[in-house]
Amino acid sequence: MQILINGIITGLSLALLSVAFATVYLPTRVFYLALGAVYTLVPFIALACLQCSMPFYIAMLAAILTGTVLSLGCEFFNHQILEAKRASSGAHLISSLGIYIVVTQMAAICWGNETKVLRTGLDNVQHLSSVILTQTQEISFVIASSLLVAYYVWLCRSKVGLLFRAMADNPAEFALRGHNLHAMRMTSFGVSGFLCSVSSLLVAYDIGFDAHGGLSSILLAVVAVIVGGRQSFAGPLAGAIILGVVRCLIVWWLSAQWAEAFTFGILALVLLVRPDGLLGCRFRLEAAA
Amino acid sequence: MDRSMLPNSAANAAPAQRGSVALSITKLRKAFGGQVVLDDVSVELHQGEIVLLRGDNGAGKTTLLNILTGNLNADSGTIETSVNSNNETFHFPAPWWTNLNPFNHFTPERLSREGIGRMWQEVRLFNSLTLRDNISVAQPDQIGENPAWALLRGHTWQQQEKQTARESEAMLSNLGLSGLEDRGADKISLGQSKRVAIARAIEAGAKILFLDEPLSGLDAIGMKEVLALLKQLTASGKVTLVIVEHIFNIPHILNIATTVWTLNQGTIHREAPTAVQCDINKSSTEDFQQVLQQFVTTAGCVSNASLAQQAVLSTIVPPDSEQRLPVLEVKDLVVHRGTRLIIGETTEDGTIRGVSFKLCKGQVAVLHAPNGWGKTTLLEAIAGLLPISGGQILLNGKSVASAPAWQRAKLGLSLLRSRDNCFPTLTVGETLALSGISKVPDSLKIFAKRRIGALSGGERQRVLAASTLSKDNFTLALLDEPFSALDPARVEELSSMMLDKVKQAALLIAVPATLQNRKY
Amino acid sequence: MNYALHLLIYLSIYGIVAISLNIVSGYCGLLTMAHASYFAIGCYTYALATTKLGLDFIPAVLLSAIVASVMSLAISLPAWRLKGDSFILISLAVQQMFFSLFQNWTTTGSEPGSWANLTNGTFGLSSIPKPTLLGMHIADIASTAALAGTMLITCLLLSRLLLLSPWARLLQSMRDDELASRGLGKNVRLAKVQAIAISCGLAALGGALYASYVNYIDPTVASLDESMLVLCMVLVGGLGNVRGPLVGALVLIAIPELLRFVAIPDAIASNLRLLIYGLVLILMMHYRPQGLAGNYRME
């Protein structure tokens, strides 16, 4: 039970990240590794703000804002230009990787390579019947789940959410219906940057952060997207929670070192056996094509 | 081959007059998710035959071709090949134990080695290789294709390679392409690339060659050259051809065909070419011709203008069209895909002449052009999905040549594409809402809550046509093959919807050319 | 002088690895992130073969290449079905699994190199002997450089011979249009297995050379950063011909060395080097997507 709860809570903050990745990947097909740059930079900004003795909430907001702006910048200065040149998806991926490397190394030069913490002092621990929860876990559960609920409500109920799903389905038809593709792409990068920043802060608050963990976190999120199914917005959520629980089980039974191997083992298995992911299904339309 | 030598009822002629059976298909069946495309197809192909495979759009011609070339597994049935006195039988569904052997599957490479070759509709040459290498690579059993021998027996493969290169060059010069051996495959004309693709398949040892629309998209000269090559191949009698061709080009193929296979409702009928000749001369009016007539009676007279090559633009001009403002003006439009010229013609002095036409409010224009002419390319270029290489596009008097697609849509343009045209995960209601239609039309109410991806082709087409034509503010609708996949009653419904809208807008409808075009 | 020789050795090692990656990425059109794993397999096999089995240089190197070629089935079999993003992901998965294997095949208390403690975990394997070739003990840097240079030139000639052969033409046809190539009767699955095996074998050759030069290896040789570095090399140099990867290796090894002449504190030098790699990648994608000397553009 304890493991299950831990897994779900880890899975939820991973879900924020994988939803952030899918938010860009589904509509634009950009393999957005630069999200790792956002993930790395945000806690450093928060830390810098705290060190300037800003109030905690202002510091967090400033960090999230920076993350969102960085993500928008990636689209504006890189992906949009490549898209206009009709560059291949490989070019998007590699340039995105380039951005990741540049930003993280700059962060490392400015703030050093060591692991840092946002939280000072020990955590409060609460016992709920047989389950032990830390205060940090509670905070991250509340924030992650409420953000995810808000995201899915926005996606399914609002006008912009509809536009968003439409763009993910078929960008060309989306433009033919008279909707501004550029603006919508910017929105997706912005939303993605926002979700990623929050996820990054939650993890950094819980276990600390350094300048080099971004890529592996993003890759974990990508695995969750693939495992869950990359055609739909529900896939990443399911995939992330499954991964969160499985990883907690592995840490419990074996050791933390094997978590990566098992994660990528699951990825390989899913890619070979169900390339569309666990939630993936083919429509009549695609079957006939 | 001289067709008059054959008896009229060639299809029923005694087998003695034909070669031995090269390919025999029994009870072949294929369905896609409940939709049966091929049902009980049984037919024999004899050596030396030239078969024309015809059928309506969506009748399953390409599906059959995909199965017979190993690109697709059938659901049930049997295929027997006997080329080069080598017999092979493939049963469907394949028994499970055949899956255990990874090298003995029903695959394209296996069938190719049995002597079955294919020319793809989209040609598919290897673009990064030269023409010489495009043909050389097809040569079977090259020593140097084994990396170990490539390293250890350098002298042997280099000898063989010289021989192969000579053969390829001889083949190219036979195609009239000598001097272009080192040219990249993406830098030659479509007609040339089709001939290279045929030569490539022959080089790979094809004895039965399937050709998917070998004449589509070609100008008169290109067609003549491809036909000459096909005649030359069959004159030797060693190659058996099965040609899929669109109705517009069928008469060309009938001149060389010995047999016709007509694919209809999932089964094949053998027919004699002469019978088919009469048949198509008789019945060349199609549904949309009647639709066209309908527009004419309400709105005025028809004027026909010839665009590049065999395309005709029939515009229905209302009586008072003099005072009307042009909605769409296309001036000297040139469009390339990659390096290949799609819209526009190269004139004799080497310059490129674009396509020009004009469409006013209240007018309906029907663009008939053969498959492969570039109808879709033209419409997508006007709508802003493809970049143009030259010319002007004016929408309601404003130049939009550099505006993105969504701005053009805002200016009143709407395009109904013929494929890849929907949002599979959205519901019907949401799709309509995207086009700014908040109220679902009564005729579509029954599936308002269903997802587009779960609808059948015909249902989907109705939804999309409605979302294109019911937009409030559109002034120009471009419709790419809007009547395909619809039954006659729905064609009626759609055309009356168009009639309704034409008062406030202009319509440009692209349809595949029929034989009637040939009169113009 | 020693410094120049040191650079030459590094250039040879990475040149060999870049040449090998070009066979997969440039000629099969598959971007793989697992190449460092095969480099590391070369390192570890060499280290174990020399320290435990007491093999000479040449047998040990050949053994590394063979082991890596067999292991390459882990990415070549999935490549039958997957391409594009999916293949990149599966190669990433393979990379991570090998990395965990190197890191976790360890039992405290057992002797490093024994079956229970094959890789000695994060501590790595040390005291790998200097190569012995035909009875000669190659210990000083000049003869090591000569050995490395010879191996680079051999690999270059091998790859040149291979990449101008009909086999490479078959690979190119498969890269351009796999279905059309199969329709001509080509066994593309076999070709993929061959290409990936040869490529991984060559990478292991580079790995063996590396292990013999530095005498100490740990799991970081198999890290994702290493894969990326090699990928940068072929992307910067250009794919699809023989000289591209060599140009890439030269550029990417030269850049950080030039930095030494600028006064930069050691602490940030490695960060700065990576930063420059990143910048180079971005600029390449914008202004020269086919690489400095390549003739194939990654799709």
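When the chains are written out, they are named A, B and C in that same order, and each has its own residue count from 1.
Operating definition for what follows: contacts are C-beta pairs under 8 Å (C-beta built on N, C-alpha and C of every residue); 3 or more make two chains touch, one makes a residue touch a chain.
Here the structure is a predicted model, which is why all the values come from computation and not from measurement.
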Graph shape for the chains shown, where an edge means the two chains touch. Line, ring, star, complete, or other? complete
Counting only C-alpha atoms to place each centre, which chain is farthest from chain A? B
Count the C-beta pairs in contact for A-B and for A-C, then report the pair with the higher count. A-C
Distance between chain A and chain B based on Cα centroids, please, to the nearest Å. 43
Compute the distance, rounded to whole Å, between the mean C-alpha positions of chain A and chain C. 31
Would you please write down the residue numbers of chain C that are in contact with two or more other chains? none
Taking the complex as given, what residues does chain C use to touch chain B? 158, 161-162, 165-167, 169-170, 172-173, 175-177, 179-189, 191, 194-195, 198, 240, 295-296
Note which residues of chain A are touching chain B in the complex, please. 162-163, 165-166, 168-170, 172-182, 231-232, 283-288
Which stretch or stretches of chain B touch chain A in the complex? 32-35, 383-385, 404-406, 409-410, 414-415, 417, 420-426, 430, 433-436, 451-457, 460, 467
Any idea which chain A residues touch chain C in the complex? 31, 78, 81-82, 87-95, 97-102, 105-106, 108-109, 113, 215-216, 219, 222-223, 226, 255, 257-258, 260-261, 263-265, 267-268, 271-272, 275
Sort out for me which residues of chain C touch chain A in the complex. 31, 78, 81-82, 84-86, 88-90, 92-94, 96-97, 99-101, 103-104, 224, 228, 235, 268, 271-272, 274-275, 277-282, 284-286, 289, 297-299
